[in-house]
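Here subunit A shows up in two complexes: once beside subunit B, once beside subunit C.
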Partner chain A sequence: MSMMAVAEQTETETVAEKKSPGKALWLLAPGVIWMTLFLVLPILMMVYVSFWTQTTFTIEPTLTLKSWITFFTSDTYLGALWTTVRIWLIVLVATVLVGYPAALFVGLFVKNKALQTVLLVLCVIPFWTSFLIRVLAWRPMLGKEGAINMILMNLGITDAPIEVLLFSELSVIIGMTQIYCVFMVGPIAFMLGRIDTSIIEAAQDLGAGFWRIFRTIILPLSMPGVVVGAIFVSVMVLGEFATSAALSGRKVNLLGNIIVTQVGSLKWAFAAVAGVVLTILMGAVVAALLRVVDLRKEL
Partner chain B sequence: MSTVLQLKNITKTYGDMRALNGIDLALPGDAYISLLGPSGSGKTTLLRVIAGFEQPDGGAILFDGKRIDTMAPDKRGIGFVFQNFALFPHLSVAQNIAFGLENRDVEPSTDRRLIDAKVRDIISLVGLSGLEGRAVTQISGGQRQRVALARTLVTEPRMVLLDEPLGALDANLRARMRAELRAIRERCGVTFLHVTGSEAEALAMGDTVLVLESGRIAQSADSDTVYNRPASPAVARFLNCYNLFPGRIEGGAFVGGVGRFALGPAVTARSASPAYAIRYDRVSVRPRDAAITEDEIRIEANFVASEYSGAAVNSFFALDDGRVFEVESHLSHAAPETYAEQGRYALVWKREDALVYA
Partner chain C sequence: MNASGMKLSLGAYTALFLVFLYGPLVVLAILSFQTGPEGGPQFPIIEWSTYWYKHLFGLTPPSRIAPLPIEQALVRSLGLAVMTMIVSTVLGVTAAQAFRRKFRGSGVVFYLIVLGMMVPGVLVGLGMALVANTLGIDRHWWSTAFVLHVVYTFPFAFLVMLAIFNRFDPSMEEASWSLGVTPARTFRKVTFPLIFPGVLSAMLFAFTLSYDEFSRTLFASGRDLTLPLAIYGTFSVEVHPNVFAFGVLTTLFSFALLGTYAALMMLSVRRAKRIAIQEEA
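The block that comes next holds the complex of A and B.
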């Protein structure tokens, strides 16, 4: 009798075990529902709307390629696309150039873990002020009568204020590099921190100098960090509109600024075209970056 | 055999702790030397000082008669094999081994064919043929050990330091790698200095065994001498095969916690802390009423437990002062005896088998 009970119990357990993968799938349901409703559907909608017919104040669901043709024949839109790509590339390079040495210092040369954390938190401090205040704070810094020009003129280094500092592409690049640098420092410092000191000592013992070790050991081992940082920075810079609006005096138009103005003037179809182009661009950039290293293998 | 490495009064202090307390040492060329020390005895520090990863506070290191203690690690001609192997995780087996040849500051090899030939030779020397293209994350612990060794040997160092090289391997593999390491060394003809915390490993591997104890070299001799004639009670304790009694010598006898042991013509070694040592396997266990001869010493103790290890049985007895006394009986001599739990037995050994430090 009791034997029977045990056998029965074992059977139920086996059945339950067989069922469990199906049951576990339910864990995905909230995420899948959420993403479908608020990510996949809106994106599909955006693609759909980009083919609608746009008149001055209205938009009709009659399918047409007009908005797409307008986008790819207009100098304004193509110019914005080109500016977006150019500023993205420059900011990406600038964040690597500024961020990598900082990460190298924090991740490799600071041995004390507590101090490491403190330094990384210092990098995050700019985020404790609001985005708007941070961006606007650059104006008294870079303006014609701003701090930098005053100092340069008082020291006699320049006679006249350098006007290109504010309301130019340069000011947008300076502002964006400052804001997004930390997203580069974090992942790189994390990867560098994981490099075992004895690996570097081993390379030293085998006779390699610092730059050799950097090029052959440290750089390749930190590449996953650079790629993750680059993905963060790229996604954020490509979708940017606030920094360029606040620091360029509307002279620099990114795809993000185009979308904002088109939506503002109710040109939904154009906005959707720009949105689709931006989404494809981001997707391509992320895909390209992921080809650089196999993140699944490295992390 | 000529001396290759000489250390003169090397000291190294971390804060208040004296890691190295005046090390004097002369190591012969073309030999396998094991450096035995308990954890915290300063053995890793000593190795890192010789390699150049740490600067000594005082003293001199001479290699082939030239001072090297101010040189950078890579200029010393000394290879270092790390305990965790420290392989370059993003490079293949062959790339790891070729690293030193390709990337050293002094005379890097640019001739691909020469590098390939040297790498091939060393790969067959350490027995890694067929694994050249594998990632170092896809090979076993023993194979990684060989890569680490090959990577160092290919740069033709004049001496190789190994920091607990077998510590990361499982017991089975460790025994095999012991013989392998010795064979590889003989084929290369350079001196290996092998640091270990295991007395069995140190005795099995070293042509010369150095025993490091609280920052000093306590003994430097061949395995047989270290095992049979440890130079100090500390060395004896660390060898893990001696029962030690503290005490003092009084009128031709050693007075310890459990009685007076008459001294024979026994060897007496000098030591700051007097002690009496008797090896586990020199003691026999007898019933309490058994007679003893003139030259035997007898104490009584209660049986606690025994441990079977295949070739021998180790029995543990509690002495009257609470101390544990260990007896090792080799099973090739006699069938194992069973002792009564908490039973009182006589432990007997020959006077001249004891080592006396005073």
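The block that comes next holds the complex of A and C.
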């Protein structure tokens, strides 16, 4: 039966292909041209311009390595590169630690499908508030007279407001963790939801405790979700500049912030170098994550 | 620890997690009702008032706090979102339609399209600014920023339509063709009504993503501000509760949009059901 259906399908496909071989091309052309002109070309342009000569306010298409040498010998730029890597790693670990238990509850412990959907929708609703507003919302939370300091002082936990909460690296990490942890919760909960519960029941019947079940069954089976979440979070955090602009009081300079400043002062070649470095960093991170788990096999 | 104890503690954790997600937004919403113009963006609430909402619309006497430049920005943001929505939905539907048949190089094309949603805005934005600078083109929200918005939202529309076409029964179209109906008319009368819920979702994605898009716009839009750029402008200065009031209003606007989407979706499902019943009778 299914063999016949397959045979039939291939037959209609070949007939259709014979009828209009160029039709797919016409349908694809607009999208492909758009992406080539406005996505591939700008990225190539960025690589090209990074080798141009920078004068005070303009760039000249004379090829040179000067901007690259400036980048890798300047403390400011190397510092920004290191800050970017450090914040990315901390936020990545923080989103896994904060998100995993919630995903475990939603994906595995909630058996009721309706409640599961409600919980996932609750995680997504904040996305209907503008990204910049969500970032800005941390200012009245973390400030010296902010909500958290007020609560801590009223409870008698601290006597004086904790000043390090806002306009520091910590505030950037807290803000990014809150904004991006949902991208971790979603894929992990999805993978956990696909676990066949009879495996866990069998392990329980054989006398395994929760931690053993978690280590040997739940964690390995959820790894593809963690990797997908990590790819989402990494790409977004590495390309960030708004959160540090809003919450660090100019104390935290990511590569993204460097690019914004350089473009603002018309230092196009330096901005391009920072952009290429960021692209390479991002490509390396995504490639490394894809090596951890073979997604095509797992999904 | 037994399973029910574990479930209880994880449930409590998830509740805390939701407080973490919503806490800042709730605080922001409460503080938007601070009294003005002397009340600052912090507790305690001196007096409850809607001063900052009036301030947003220019209904308060002038004070030292400059109003947000939202009037023009709102028009631009809405125009940009509508343009982006139309173009990326059309591109998404046509590209997904092409993907219904296997063809050589489909893998490369797939990754080329999906790349648009993966590459961070700061990189494409910078690249587009460099291209415009080299070619001597002025950057505007309706030109350079617009094409980048489509680069960002077209992949979403494409993926939504791909999912819809995967569950699509081609025998309906084949029946129509075999009855001698032209392909164009078949698309309008048979295919389009069937994929309409998907088109609606693609439109919603494109509109909301473009309306909120910020990093691409920052690099590619030149002098004129869109709404997110107007908010970004407040980052470098002291924040007043008028930004909070604005945040509450845009969130309400997004919910209204979502409500419209849900209503249209329900209507189209109901219409499909009615047609099915008519056919049975």
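In the analysis below, the second predicted complex is superposed on the first by the 266 of 299 C-alpha atoms of A that agree within 3 Å, B and C clash if a C-alpha of one lies under 4 Å from a C-alpha of the other, contacts with A are read in each partner's own complex, and residues count from 1 in each chain.
Please note the rule applied: a contact is a pair of C-beta atoms (placed from the backbone, for glycine too) under 8 Å apart; a residue touches a chain by one contact, two chains touch by 3 or more.
This is a predicted model, so every value here is computed, not measured.
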Contacts of A:V106 with subunit B and subunit C, given as first, second, both or neither: second
Which superposed partner A:V273 touches (first subunit B, second subunit C, both, neither): neither
Partner chain in contact with A:V96 - subunit B first, subunit C second, else both or neither: neither
Which of subunit B and subunit C A:L289 touches, first, second, both or neither: neither
More subunit A residues in contact [subunit B versus subunit C]: C
Which superposed partner A:M176 touches (first subunit B, second subunit C, both, neither): neither
Touching partner for A:A147 - first (subunit B), second (subunit C), both, neither: second
Subunit B versus subunit C as contact partner of A:L221, first or second or both or neither: first
Which superposed partner A:A202 touches (first subunit B, second subunit C, both, neither): first
Common interface positions of subunit A, toward subunit B and toward subunit C: 204
Subunit A to subunit C touching residues, read off their complex: 12-13, 16-17, 23-25, 27-28, 30-32, 34-46, 49, 59, 98-99, 101-102, 104-106, 109, 119, 122-123, 126, 128-134, 136-141, 143, 145-147, 150, 178, 181-182, 204, 210, 235-236, 238-239, 241-242, 245-246, 256, 259-260, 263, 268, 271-272, 275, 278-279, 282
Subunit A to subunit B touching residues, read off their complex: 196, 198-199, 201-209, 212-213, 216-217, 220-221
Residues of subunit B defined as touching subunit A within the complex: 51-53, 72-74, 78-80, 82-84, 86-90, 99-100, 103-106, 151-152, 155
Residues on subunit C engaged by subunit A in the complex (per definition of touch): 1-3, 6-7, 10-11, 13-14, 17-18, 20-25, 27-28, 31, 41-43, 91-92, 94-95, 97-98, 101-103, 109, 112-113, 115-116, 118-124, 126-131, 133-134, 147-148, 150-151, 154, 158, 170, 174, 208, 212, 214-215, 218-219, 227-228, 231-232, 234-236, 239, 243-244, 246-247, 250-251, 254-255, 258
